[in-house]
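Each of the two complexes below includes chain A, the first together with chain B, the second together with chain C.
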Partner chain A sequence: MPNFEFPASIKSRPVYGRLEPRKGKFHLMIADGEGAEALIELAAADGALMAKSHIIYIPRDTGAGFAEKLTALGPAQLYIGPSYPAAVPRLRRVLADAHMGLQVYLTGTEGLMGQAMNEAMAAGIPHSAIQTEHRGSLARRMQCVHCKGITEDVMTDPFVCSHCGLHLFVRDHYSRRLAAFQGVRVDAEDPGNIPDPVELYS
Partner chain B sequence: MTIQFNDETFRDDYSFHNSDRAIQRFPFPFHEDSYMYSVNMERHKGGPEGSVYEMRFDVDEHYLAEMKDRAMVLAEDPLRCQSLPHMTLAGWDLLELIMVSKSEDYPDLFELHREGSNWRWINRPMGIDQSFVFMDEASLPYGPMEYITRQAQGDFCILDQRDDNLWMDAGMVTTQADWSLDFDIGMNFFEWHAPVPKAHEMGIFVRALKFLLNIQQGSPARRLNWTLTVNPLLDTSPENYHKWGVQKTTLTPENLGRKQHLRVELQTFFRLPRSNALVFPIRCYLIAFEDLVSVPKWGRRLHRVLRDIPDELATYKGFIDNRPMLVDYLSQYDDGAETSPGVWPD
Partner chain C sequence: MSAGTDKLAVTVTNIVPLNDLVTRFEFQRSDGGELPTFSGGAHTVVEMRDGDITRLNPYSLMSDPMDQSTYAISVRRDDAGRGGSLFMHNRVRVGDRMVISYPVNLFSLDLRARKHLMIAGGIGITPFIAQIKQLAATGGRFELHYAARSAALASYADELTAHHPNNVSIYHDDQAQAIDLVHLLDGQPLGTHLYVCGPKGMIDWVRAKAADLGWPREAVHYEEFLAPQSGKPFEVKLALSNKVIEVGEHQSLLEAIEAAGVDAPYLCRGGACGQCETDVIGYDGKFIHRDHWLDDEEKASGKKIMPCVSRFEGKTLVLDR
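== the complex of A and B ==
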């Protein structure tokens, strides 16, 4: 899957790059879905990297194919998990043990990268040791500004808040702290007048 | 100077009102008959006697009612006041700045007594007499920023300065023009302004940031910003937009003069001494259109500004749907006469 060029108009959204192998004593790679492809390319760019790498991978809806390929790369440690929240306790444990010289690689959906970035920053990893590369779904992780609930994998605008049920439009404003975009009630000024949802980026 | 504090509300029955004095001193924001963004900064070193610019922190007839409204907002939603862990020192800086300024500027209303770290603060209008130890959080009922901003009109953002940028790392935000502290906390200057149209392309934020980074202790700055609000509602937060948004549709040609308000923010910027943070008070002043047009120059000028403002700005400021009705109403007060330069009444 080719890399998606995000529109430059959203100033609060992080800019994602391309992963490249860096020198480091240890490498932590966190990926979901098609992010596996970026890790495979990373391994191809530096054959010695995987022997010093811990991969945390959430396949999402990509089946078992990528998991097998990642296993074949021979990483020092590989974890395949059912969801990002399920992987968080492990991730925190790994970060708590991190030493100077750790390099962090985040790749996959925006929601995964944003949340894992926060965990790494909270553990004191300098931002200069963290790389990101977007791959896969363009779905957004949304916070409802009214009830504060997070709705994952939002593909349409407007959408229904999975917590309070309000119809929300997707505001082009991103919070790194929440790793989410802002959702605001779409029919606040005209209750009941809810536009047909359109697919994001289509 | 004695201030008669109003018994009034900013919600439900909306009994908020401006006295003649408050109308005359209203910070009308348009210095000419049109409006576009600009980095309209100036030194905040006083102003004409009795004006809202005279004191460092203006206290007016709405003080007690605004503080009551703030307490209600915080009871409903404590996330309106947040401070990231590294910002406590800046909170003490702010507490000192406000207590010193108010006790010097309004000695009949506020007193501050200091013996070393043992301080006593008297806020007469609110009936507060608090002894505490400066820099000892346990000696106050709230953190220092929350404590003092529950007693000061306007919203307060405390901006940390690092990496040649400003970071929205603490704030008390209950009277905002549709932005969320809870969402924006931790963002840098460009990030929290992301939703503002046009101004990025115009280079406004780059210039404004450059100016703000260089503000020195003892040399505060100020600017005005404005929007429109239906009903004198202080809490026009995105959090509650699903409740207040619908009020915009209640405007009719008959009730417009009473319900439609011009909302002006007096934004000031002070460098804080210990933390080197910047505090950014955003003080909101509201005036009903029917009161505003009692100053003929303001009625004429507001008509021309709203008539000619680009659609994009009218949309961002949230009055595009009501604009025809507003312009129609104001046209009654515009006889086409020339207006004098500057903001002051003739």
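== the complex of A and C ==
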């Protein structure tokens, strides 16, 4: 899947780049779904990179076919896990043992990149030094500003909060701390007046 | 006059020669009041009135940032320089009144760092002395690697080692001791920030090695004040103030603008901060750019100059000032 061109938005909305190989002795790559394709391109750009890399990959619905291709890249370590939360203990251990010079590459969905970015920042890496590349689903990780619950993989605007059941309008207002966009009740002023949901970006 | 450089009237209260090259000067406010606190790494610009020449030289503050009674700077004598350090060494006496600027910090600690790794060369030790006092007061984790030509010239090395025996390593060039930089940078925990202050060669070496080893630019901090250099005199037209001025052989362009009574912005006076950036309206000749601020493209464009350190050779130069 090619890179999606996100429309211009407000300042808090994250922007993503293209992964490029960087100098360093140790490289940590975290990807989900189609993010695997960005890692394959990264490996092609620098043949020596994968031997120094630890890949944490979450296939989700769309990535089952990539496992073999990632193995074929010959990374120093490859972990394929069922979900991002299941990968977090490993991610934290890798970061705790890492030294300055570690390069972090994040690719795949916004929810994955945002959450992994937080872990890397908490470990002391400046956020501007962490590379990201969006691939795959455009679904968003949303926080309901009313009940504070997080709903993953939101595909429509408005959507129903999976915690409190309110109909929420999808904002571009992003919280780096929560790694989530903000969802605000769409019918706050006129209860019951809920527009038909439209698919995000289409 | 410049943003952030309000002046303080001070009296020299102590002069302490440390070795053949370096002398410490201490100042208190002449009106008996308190000095502002500052943060480690800050400098002050000292005004030196030497006959009809006024020099303004930046020096790192090395006293305790929380001590509001006294500021201290350490000045290395530079016999080949334009005279600022010689003026301090030879002419300034205890009891003299001087004017210094409010502290300005262009080399502050990044307090988000898990650990501060400091590399100092020679007189580049001074900002670290204030930073270490600040970190010691707040329990910050640091490690200092300090290279000097010889034990005799390693100003403050004894004091630093005595106070922080586990955090300070000293290297003497004359005993062929050198910082094992690759090894040092390699083993640092995530979240370490690197700071370097010293001669240009050392700063370039440390920055290049860090970049090679994949250190993020945001975690590497350096301070290098260039001293303005002498050169051929040249003439400049200041378009806004409608004046034509002459820049003397041992004068910087900024000093010449100030001497003509024209207000020009500055902070570091050493080509590092960008504050003095000035637009060029027209020129016929060549620029001698010496700053660290403009990028190569800007330098080649002939549209900008940093008058604190850069000069010009040629027929005409017209500035938007």
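Everything that follows uses one rule, which is that the second predicted complex is superposed on the first by the 199 of 202 C-alpha atoms of A that agree within 3 Å, B and C clash if a C-alpha of one lies under 4 Å from a C-alpha of the other, contacts with A are read in each partner's own complex, and residues count from 1 in each chain.
Note that a residue touches a chain if its C-beta (ideal position, glycine included) is under 8 Å from a C-beta of that chain, and two chains touch if they have at least 3 such contacts.
Quantities reported herein were computed from a predicted structural model and do not represent experimental measurements.
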Combined model on chain A: chain C and chain B, fit or clash: fit
First, second, both or neither for A:Leu166, with chain B first and chain C second: first
Contacts of A:Arg18 with chain B and chain C, given as first, second, both or neither: neither
Chain B versus chain C as contact partner of A:Lys52, first or second or both or neither: neither
Partner chain in contact with A:Leu178 - chain B first, chain C second, else both or neither: first
Superposed model, chain A: greater residue contact from chain B or chain C: B
First (chain B), second (chain C), both or neither touched by A:Ser128: second
Which superposed partner A:Lys148 touches (first chain B, second chain C, both, neither): first
Contacts of A:Leu95 with chain B and chain C, given as first, second, both or neither: second
Contacts of A:Ala188 with chain B and chain C, given as first, second, both or neither: first
Least Cα gap, in Å, left between chain B and chain C after the two complexes are fitted on chain A: 8
Intersection of the chain A residues that touch chain B with those that touch chain C: none
In the complex with chain A, residue positions of chain B that touch it: 79, 180, 182-187, 190-195, 200, 238-242, 245-246, 248-249, 321
Chain C contact footprint on chain A (complex, rising order): 22-25, 95, 98-103, 123-126, 128-129
Chain C residues within the chain A interface of the complex: 112-114, 185-192, 194, 211-219
Residue numbers on chain A that touch chain B, as the complex places them: 10-13, 143, 145-146, 148, 166, 171-178, 182, 184-185, 188-191
